[in-house]
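A short worksheet on the structure shown next.
Order of writing sets the labels: A, B and C. Residues in every chain begin at 1.
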Amino acid sequence: MTKKRKLTIAVSGLNAVDSPGPGVAVIRALREAESFDVRIIGIAYESLEPGIFMHNLVDKTYQFPYPSAGVDAILERLEYIHSIEKLDVFIPNFDSELYPFIKLEDTLKEMGIHMFLPTMEQFEERHKVNLNEFGEKYGINVPKSKAIHDLGAIYSISSEFTYPVLVKGKYYDAAVAYNMEQVKTHFNKISAKWGYPIIIQEFVHGTEFNVTGLGDGFGNTIAAVPMRKQYITDKGKAWGGISISDKRMLELTDKFLSQTKWRGGFELELMKNKENEFYLLEINPRMPAWIYLAVGVGQNIPEALVKLALGEKVEPFTSYKVGKMFVRYAWDMIVDMEEFQIISTRGEL
Amino acid sequence: MKIKPNIAVSDSGFVFNPDTGESFTVNPIGVDIINYLKDNKNTGEISTQIRQKYNVEQPTFEKDFDDFVGLMLNYSLVIND
Amino acid sequence: MEKLRYERPLIKRLESEMPNKFGMKAEHFPKSHIDGVAVKDLLEEHGSPLFVISEKTIRNTYQRAKKAFSTRYPKVQFAWSYKTNYMDAVCNIYHQEGSWAEVVSGFEYDKAIKNGVPGKRIIFNGPDKTISDLTKAIQNESLIHIDHLDELYTIVELTETIKKRPRVAIRVNMDTGVYPMWDRFGFNYENGQAWDALNKIMASGRMDLIGLHTHIGTFMLSAKAYGVAARKLADLALGLKRKYNHDIKYIDLGGGFPSKNTLKGAYLPGNDTNPVFDDFAEEIASALLNSEFSPDALPLLILETGRALVDDAGFLLGTVISNKRSSKGKRNTIIDIGVNLLFTSFWYDHKISPAQEFTHFNEETTVFGPLCMNIDVIRESALLPLLNRGDHFVIHSVGAYNMTQWMQFITLRPRIVLIDMNEKVHIIREAETMDSFNKFENTPEHLKKFEL
């Protein structure tokens, strides 16, 4: 057997908790990559992110400034980490990291750190505030949405929508409202936390499906795996899911990729209504926490993403195993306080 | 006022309270103060030591010291005599 | 042995919180010098607090803006928005760079004239132009941007006595897809008011209709809206061409570009997210170039941007008065700068940098001003290094509006200094004194004496 090359890859989203970040799943996929070996650098924001303490997966972890600290602070920390670790690839896994990292992509490339992210235009366009325009532009069914900025605009909702409606925050949070009073309550609650606008969205009844995949930036589908959630936690996260073979979902994914020329990993949240029509509810501009299912069915998306980031040619995956399930579980690690102390005071472990 | 005997502070400024399971971080001058408290130094002695090491006037330090110890009391890290 | 720099002792409980993607903003870097001049020296010489304006930053920013537009569009003219900062020294930097003046009151108009701006190079905006203001503006051949029909009729009346043709434009308001839509100024595009006003002007035959103006909002975070605005004004211009074969000379897209400040409630810092001159220039230039203006009759593009040009050139230097702890245990820091001087703290999370070295230890702090008034809060929550009483700090990006909207309240207003291109410091406005303040007061004879 020839010796595989070794890549140093930084991965964030180590919060493998009940509403998990994708980092740990991505790392598992990278460890199983056939085309390279890895040294994994964990990027953590808080000192209790479980991935920090998973030494069989993560070689070294650095604490990192929040995106809200600004591009300069992020770059400063990154330069420090890079001076020690000589990173080949950086995979940011939080939505909120994407804006600064897309801005930094060229700078990082000059430093020798490769990423494979959507363009700023793609990132902005798929934002839920812009979902209506997105659907129109690319001919994809989306639930009717309206962004509202003040309570006064709520009164027109009854004439434009039928209840129930979804009340969504700009970045996170969503609640179902069955009447105007409830819209008001959710509007106040969500806007207090995430600011304006608030998005009112048609509630599509039906079954939820998800697709994860990878676009090469030229409109080609490199990977796509559809999944149906089997068990959903009270936070709305899949705790179990199964790979399925729905041609129309794959067609929709191909259409999304060929139309937008999406670059990078993604997750599409879809709803199938009683008439068997698919609606695109949301586009997550990164790999999902259940990405390891894709590996399990034969499409190692993180590995392919790393190769694309390095500018290598990747053959598209053409098949996957249908009917494979993932069942998530919780695992209590035993951690010495010493380790917690080190990451808390030195910001490295 | 005394620091609880089972409270330890590491050089890097990590404090663990085994009674409550809470952990804390302190800055270097805080580490100094906790170590002086462990040596049973009184407020006057601590103030003198600190002013030898750091560039600070007595009233400023004593105000900050009271605030610091007040928080430690609040966190059950020290007990009043 | 030399003593170490003092930092107050700090103990922080480690909260076991998971990343909620919304962390605190840490403001990391010390700002000890402005254009090579030490903050410490500035405060020693001129007192605390102190406004500092960097001429270098003003000129650099102006050049950047000019380049962004003039590389994309052949005819560009800036007009300095006086209300944003009407210190004469500041205005004159812009005039030296080639800016005209944009004023919104008789007071500002006179200031521009006094600064030496030719009447023809003054744009007169705003809803409140008195008859004497208008008379002056007509005689000086200034560009009068009509805000409402009453003003239009007043100008028509004035032409009966003044033997000059007023040079006018109308201000247009419109839906550009942004919220809130500013519809209180000027004539509405969508409902036909604007077209109606243009017809009235043309029908009067007594004025030279030379421009179209809009100003779609403030601190605009979408560059696209400017493309919409430019297209709508171009459409009006085209209507005039068709109906009257009349060419307008300029299109004035007003201002509203953001500075690098971070709006309250925004998650990512403004420095990272706010569009820059190139973004706006791209939208505006392509909208105009792609419109039906014939290439030899392209109108002059006027921009009245104020905030984006001057905000980042202004710094407010101050001193820590005290550190306290609130009843709830939160750290409070009182500084000698209140909302009387920093009006913009009502809508920005202004960046605050210590002016001296500090360690990486920091504490979540509420920053209060010195006023005896509960709303005097500069930052509700900032993650700040451990500042001692007497320490200095720099508040960034305060050049826009603060030196015009500041209040003489409870205390007197401080000096403003300008650091020139050679790093020389000039006082451009003296600190107010009891005398300067009392000059305006008059106590009636019977109220001059009392016994206590």
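As a convention for this text, contacts are C-beta pairs under 8 Å (C-beta built on N, C-alpha and C of every residue); 3 or more make two chains touch, one makes a residue touch a chain.
Here the structure is a predicted model, which means the values were calculated and not measured.
A.B. asks: Which chain pair shares more contacting C-beta pairs: A-C, or A-B?
C.D. replies: Taking the two pairs in turn, the one with more contacts turns out to be A-C.
A.B. asks: Grab the C-alpha centre of each chain and report whichever is closest to the global C-alpha centre.
C.D. replies: Answer for the innermost chain: C.
A.B. asks: Based only on mean CA positions, could you tell me how far chain B sits from chain C in angstrom?
C.D. replies: That pair's centroid distance is 48 Å.
A.B. asks: If you average the CA atoms of chain A and of chain C, how many Å lie between those two points?
C.D. replies: 39
A.B. asks: I'd like to verify one number: the distance from the centre of chain A to the centre of chain B, where each centre is the average of its C-alpha atoms, in whole angstrom.
C.D. replies: That pair's centroid distance is 44 Å.
A.B. asks: Two or more other chains touching the same residue: where does that happen in chain B?
C.D. replies: Within chain B, the residues that touch at least two other chains are 23, 25.
A.B. asks: Can you list the residues of chain A that touch 2 or more other chains?
C.D. replies: 344
A.B. asks: Two or more other chains touching the same residue: where does that happen in chain C?
C.D. replies: 14, in rising order.
A.B. asks: In the complex formed with chain B, which residues of chain A make contact?
C.D. replies: Residues 337, 340-342, 344-346.
A.B. asks: Considering only the defined contacts, which chain C positions touch chain B in the complex?
C.D. replies: 3-14, 323, 325, 329, 359, 361, 386, 388-389
A.B. asks: Would you pull the chain C residues touching chain A in the complex into a rising list?
C.D. replies: Touching chain A from chain C are residues 14, 16-19, 21-26, 28-29, 179-180, 265-269, 271-273.
A.B. asks: In the complex formed with chain C, which residues of chain A make contact?
C.D. replies: 15, 17, 21, 44-49, 65-73, 76, 94-96, 99-100, 103, 149, 171-172, 195-197, 344
A.B. asks: Touching chain A in the complex: which residues of chain B?
C.D. replies: So the residues of chain B in touch with chain A come to 10, 12-14, 16, 23, 25.
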